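Shared between the two complexes below is chain A, which has chain B as its partner in the first and chain C in the second.
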Partner chain A sequence: MTRNGPVALIFHTLVVIFMLAPLAIVCLVAFTPENTLSLPTNGFSLRWFDAVFHHPDFVQSFWNSLWLAVLSATLAVVLAVPASLAITRWEFPGRGFLNALFLSPLIIPHLVLGVAMLRLFAIVGATGSFAWLVAAHIVIVTPYVMRLLIAAISGFDRSVEQAAFSLGASEATVFRRVTLPMILPGVTGGWLIAFINSFDELTMSIFITSPSTVTLPVRMYMYATESIDPMMAAVSALIIGITAVAVLLLDRVYGLDRILVGQH
Partner chain B sequence: MSFLELKNITKRYGPLTAVGDVSLSVEKGEFVSLLGPSGCGKTTTLQMIAGFVEPSAGTIRLDGRDITRAKANSRGLGIVFQSYALFPHMTVFDNVSFGLEMQRVPKGERKPRVEEALSLVHLSPYAKRYPRELSGGQRQRVALARALVIRPPVLLLDEPLSNLDAKLREAMQFELREIQRKVGTTTVMVTHDQAEAFSISDRVVVMEAGRITQIDQPYRIYEHPETEFISRFVGKTNLLPGKVTTATGAGATVSLAGIAVPVEAAGLSVGETVTLCIRPEKLHLTVPTNGLLTGRVADRFFLGSQWLYHIDGPLGTLMVVTPNDGSTPAEQGATVGLEWSPSVVRVHRGAMAEAPDVALEVTG
Partner chain C sequence: MSATVPEAAPAASGDETPERRFPTAPLFLSAPAVLLFAALVLIPLFLTALLSFNQFDYATGRTGGFTLEHYLSVLTDEYYLEIFLRTFRISALATVICVVIGVPEAYILSRMSNPWRSIFLLVILAPLLVSVVVRAFGWSMLLGPEGPVNAALMAFGIGRMRLLYTEGTVIVALVHVMLPFMVIPVWTSLQKLDPAVEQAALSFGASRGTAIVRVVAPQILPGILSGSLIVFGLSASAFAIPGLLGGRRLKMVATVVYDQYLSDLNWPMGAAVAALLLIANLIVMLTYHRLVEGHYRRRLG
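Showing the complex of A and B:
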C-alpha cells in the first residue's frame, strides 16, 4: 500500500468525518436528559431509550421489522440458491432474461416499486397483509443475495462435486454434504446483507404497510413528521446498533472487501 | 475377455467430434496411460469411463457388465482429479472416509480402512488436518487414498501429477506405480507428459485429434512410432526428408540431400518420398573422416547426465545426445563426424509435415 501525502490525508479525514459525524451525533443525542434534540451537556440519561421500549407502537414496529427482515432474508436465500446454481451452471433458454429479472429490482427506484406494489396489493386484495409485505421485501433483497451467491458459485471447482458423485453420493447428498458447505460463506453473507437491506428499507414500505404492519423505519418517518424529540435519536441509535452488528457479522463470515471491492 | 473394454466410443459436440471411434481393452491389474497433446480427446475419454460425459455412440464394459449409460455414482470407480478436488471443509480423515460412508460401510469398519489407506500413502500423521494445511504433494496423496479406499475396480487418474513441481513429480511417479502394484488396481491415467506415461505405464495409448494412433508398450512406442506425429510428439527426434534411390527386399538406400543413407525397411519403391526419423541418442560423434557425414558443433548444452549437441551439416541442424561418461566433450565450433547404425533409422512414408518444432515444444 502506498502512503498518502498530507493533502490526501486531510481530504480522507474530512470525508470520514463528514460521513460519520452525523451518526455519532445522533447516537450522542440519544443519551440526552433534556426534552429537546440536544447534545448531552449535563450528564447522560437512558430516559429516551426507556421511552422507546415503553412506546407500544415502536415496540410493535420493531418486532414487525425484525420478523420481516428475518423472513424475507431467509426466503430470499432459499429462492436464490437454486436460482444462482441454475444461472451460473447451465445454459438454458431464457437464462439471460431470468438473470436480468432477478437483478432488476436493484436498478428500479424503490419509489416506483412502492407505487406498483400498492396497486398490486389493491388488485389482489392483499392490502395490509404481512405475508405480501414479506413478498415485496423478498423482491428487493434477492438481487443482493444473488450477486454474492453467483460470485461464490462461479469460483467453485466442479470436480469436487464430481469426486463426491464418483464416490457413490446421490445428487441430494452431494448438495447437502459438499456444495452447500462450500458456498456457505456466500449464503450467510447474502442472508446478512438481505437482512440489513430489509431492516432499513423505508421508501417502498411507506406505500405498502398498514397500521398493523408498520415497520420501524416507517414508524420513525411517521413520528418524525409530527414531532421531533430525542426519542427519534434513541430509535436511530438502536437501528445503527443492530445494523452495525449485522455488518460486523457479515465482515466476519464473508468479508466486506469481497462485497464492496469485489476481491476474492 | 478384458476387464475394461471401450468399443467404438465416440463423443460429438455438435459438428465437432471430440472423441472418434476409440476402442481399447484394458486387462485386470494393468496400468494404461492415455497420452496426447491438449485437445486430443484423452480427458473426454476418461470422463466417459468415469460417467461424467455420456458417449454419443459405442459401449463401455466393465468386468463384462455394460456401464455405458450407468450413472457415475453407481460405477464405483476411483478418480483422482487434476485439481485433487478434495473436500475443503472436511479433514483428511473425513475426506477419505466419505466414500465408505456413501457405501454404507459400518462405522466400526470405516476407521481401520481409512487408516490403512492413509498409511498406504504415508499420511497417517495428517488425518486431522484440513486440505488447506497440506502441501501439493500431500493433497495428491489424500486424493489417491480417497479414491483407493473404496477398493474400486478401476482407478482413473486425470493428469494427477501436473500440478506438482518437477522433482516431486518424479518422486510421485514412482510412488504411484509402487502403490498401484501393491493394491493391484487396474489403472487408466491421462497425461500429456510422455516421460510420465512411459516411466509408469504397462501400455501407452497415443491419441491425436480424438483418435487413437498407437497402443503399445512404452519402449515399443519410443522405438517404433507408427506415425511421424508420434515420433515428433514422443521424445526428441531428427526428421529428415529424402527420396528412395535403391530398394532391395528388406533394405533400401535413401538419398538425403545427395548423401546416400542405408535403411532397413521393406516394401519401399524407388523414387518414393520418405521421411527418416533418427533419435538424437542413436547418433554418435566420431572423428570427421569416419562418419556418414560431417558437421560443425553449433551449440552444446550440458544436461548433467548427458550432452545435447546441435550439429550443423549438409542436412541442416541435427540434435545429438551423448551420455556424459566423464570424457572431454566436443568443443563448440569443432568439426565432427556423425555415424549411426541403419537399424535405428525409422522410415515414414510420405513427405514431412510442416512445422515440426511445435510438437517438440509440447513435449518440453
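Showing the complex of A and C:
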C-alpha cells in the first residue's frame, strides 16, 4: 500500500475538520452556562439539557418522532420482506415496474412527496392524523430496507431451503427456521437505517404534521426560524447522541460501509 | 374441475427456478406494499399534477377549473426565473466544490491502511445520518456574528463579516451535506481499481501526477459523474439549508414551494413549481441511471 504524502495528509485533516466542525460546535455550545449561544468558557453546565427536558413541546415532539420511527421502520420491514422475496425470486410481468415503484422515493424529492401527500391528506380528511403520518414515513423508508433485503436474498444459497423442504418442512417452517435467520442481518440493518431516516426526516414531514403530531426535526426547524438560544444546541447534541448510538449499532450488525457504500 | 382454476396450483411446486407462467405467489407477497405505494405515491403525485392546472382565487382561496397560468408565470415571471437561476447556480457551484474536495479525499482514503481507513471513512460518511437541521444549525453557529469564524477574522485584523444569509454560506453548508454523496461513488470505483495498474505506470517511469491523470482518473470518471448528478439533484431540491441559512431574502426552489403552500396558501402555484422540480430531478436521475448502467454494461461487455 502506497502511503499518502504530507500535502495529502494536510488536505485530509482539513476535510475531516470541515466535516466535524459543525457537529463539534453544537455539542460544545450545548454545555454553555450562559444565556446566549457561546462556547462554554466559564465551566460546563447542564442547564440547557434540563431546559429541554422541561420544555413540553420538545418532549412531546421527541416522543412523536420516536414512536413514528419505531412504527414506520417496523412496518416497512413487515411490508418489504415479502415484497423483496417476490421481486428477487420470481420472474413476472411488471416486476421491473414494481422494483422502480418501491425505489422511487429515493428519486422523488421529499419536498414533492410532502406536497403530494398534503394534497391527498386534505382530500381524504387525514390532516393531522398520526396513522397517516406513519404511512407516509413507511413509504420513504421502505426503499432503504428493500435495498438491503434484495441484496441479502440474492446472495442466498437456496439449496439450504430445498434441503429443508425435502426433509418435509412446511413452507411456514422453512421461512421461519431457514429463510428468516439467513436474511436477519439485512432485516436488522434495514430496520436501523429506516429508523434513522424516519427520525431525521424534515422536508416531507413539515408539510403533513399538525401541532399535535409535530416531529422533532420539524419542531427544531420552526424553533430555529423564530428564536435561537442554547436550547437548540442541547436538542441537537441529544440528536447527535441518539444518532451515534444507532450508527454504532448499525456498524455492529451490518457494517456501516456496507450500508452506505454498497456491497462489495 | 381441473380445467377451471389452472392458476390455483401451489406456487411452491416449481420453486427451483423463476417460474415462466404467471405466478400468483409474488402477487400476494407484494400486494400490501403495492397498495401502500399506489395510495401514497402514485395517487398523490397524480392529484398534485392535476392541482397544478387548477385556477386559484386569491379572494376566496378556492381552486378549480383549468389553466396554464402557473406554469406560464413560473417560466416568464422574473421572480421565479431568478429563483430557478439561483438554485441552478448554487447547486452547480456546490457540485463543483464537492468534486474538488470529494475526489481527492476518496483517493486519499483509499490509499490509507486499516484501521485508519475504516475510521476516517466512518468520520466522512456518518454525518450523513445526522439530521440536516442539526447540521444547518451547526453552520449558523460557526458562521454567526459571534462564531469562531468571525472571531478568527477579527484576530487576523480583517474585521467582522456578515456571513449568514449569503449564497456563500448556503453553498458551504450544502457542500458539507452533499460531500458523502460524492465520496461514496468515487470510493466505490476506486475499490474496483486494480492497484497493480497504477504501480505498473509508476514502475515504467511515469510521474505520480501522470499516473493519476492518465491511469486513475479515467477509471473513476464514471464515479465522479454519478456523484455529481446525485449532488446536483439533491442540492437543487434542498430545503432545510436554504430555509435556515438563506433567510427570508435568499429563496431557492424548495423554500418557494414551502412559502406558496404554507404562507400564501396558493397550492396550485406551489404544485406547478414542485412539478417542474420533480421533472428536472427525474431528468438528472435518469441520466445518472443511464450513465451507470451504460458503464456497467461496457465493463461486462
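Structural remarks
To be clear about the criterion, the second predicted complex is superposed on the first by the 260 of 264 C-alpha atoms of A that agree within 3 Å, B and C clash if a C-alpha of one lies under 4 Å from a C-alpha of the other, contacts with A are read in each partner's own complex, and residues count from 1 in each chain.
Heads up, the rule we're going with is that a contact is a pair of C-beta atoms (placed from the backbone, for glycine too) under 8 Å apart; a residue touches a chain by one contact, two chains touch by 3 or more.
Since this is a predicted model, take the numbers as computed values, not measurements.
In the superposed model, more residues of chain A are touched by C than by the other of chain B and chain C. In the superposed pair of complexes, A:Leu249 makes contact with neither chain B nor chain C.
Touch criterion met: A:Pro105 reaches chain C, while chain B stays clear of it.
Applying the stated contact rule after C-alpha superposition, one finds that A:Ser166 touches chain B and leaves chain C untouched. Overlap of the chain B and chain C interfaces on chain A: residues 162, 165. Within the complex formed with chain B, the residues of chain A that make contact are 157, 159-160, 162-170, 173, 177-178, 181-182. By the touch rule above, chain C contacts chain A in their complex via residues 12, 15-16, 18-20, 22-23, 25-30, 32-34, 36-37, 39-45, 47-48, 51, 101, 104-105, 108-109, 111-113, 118, 120-142, 144, 146-148, 173, 176, 179-180, 184, 187-188, 191, 195, 237, 239-240, 243-244, 254, 257-258, 261-262, 267, 270-271, 274-275, 277-278, 281-282, 285.
Those residues of chain B whose C-beta lies close enough to touch chain A in the complex are 50-52, 72-79, 81-83, 85-89, 98-99, 102-103, 143, 146, 150. Across the complex, chain A meets chain C through its residues 1-4, 8-9, 11-12, 15-16, 18-23, 25-26, 29, 36-39, 79-80, 82-83, 85-87, 89-93, 95, 98, 101-102, 104-105, 107-113, 115-120, 123, 135-136, 138-139, 142, 158, 162, 165, 171, 196, 199-200, 202-203, 206-207, 217, 220-221, 224-225, 228, 232-233, 236, 239-240, 243-244, 246-247, 251, 256-257, 260-262, 264.
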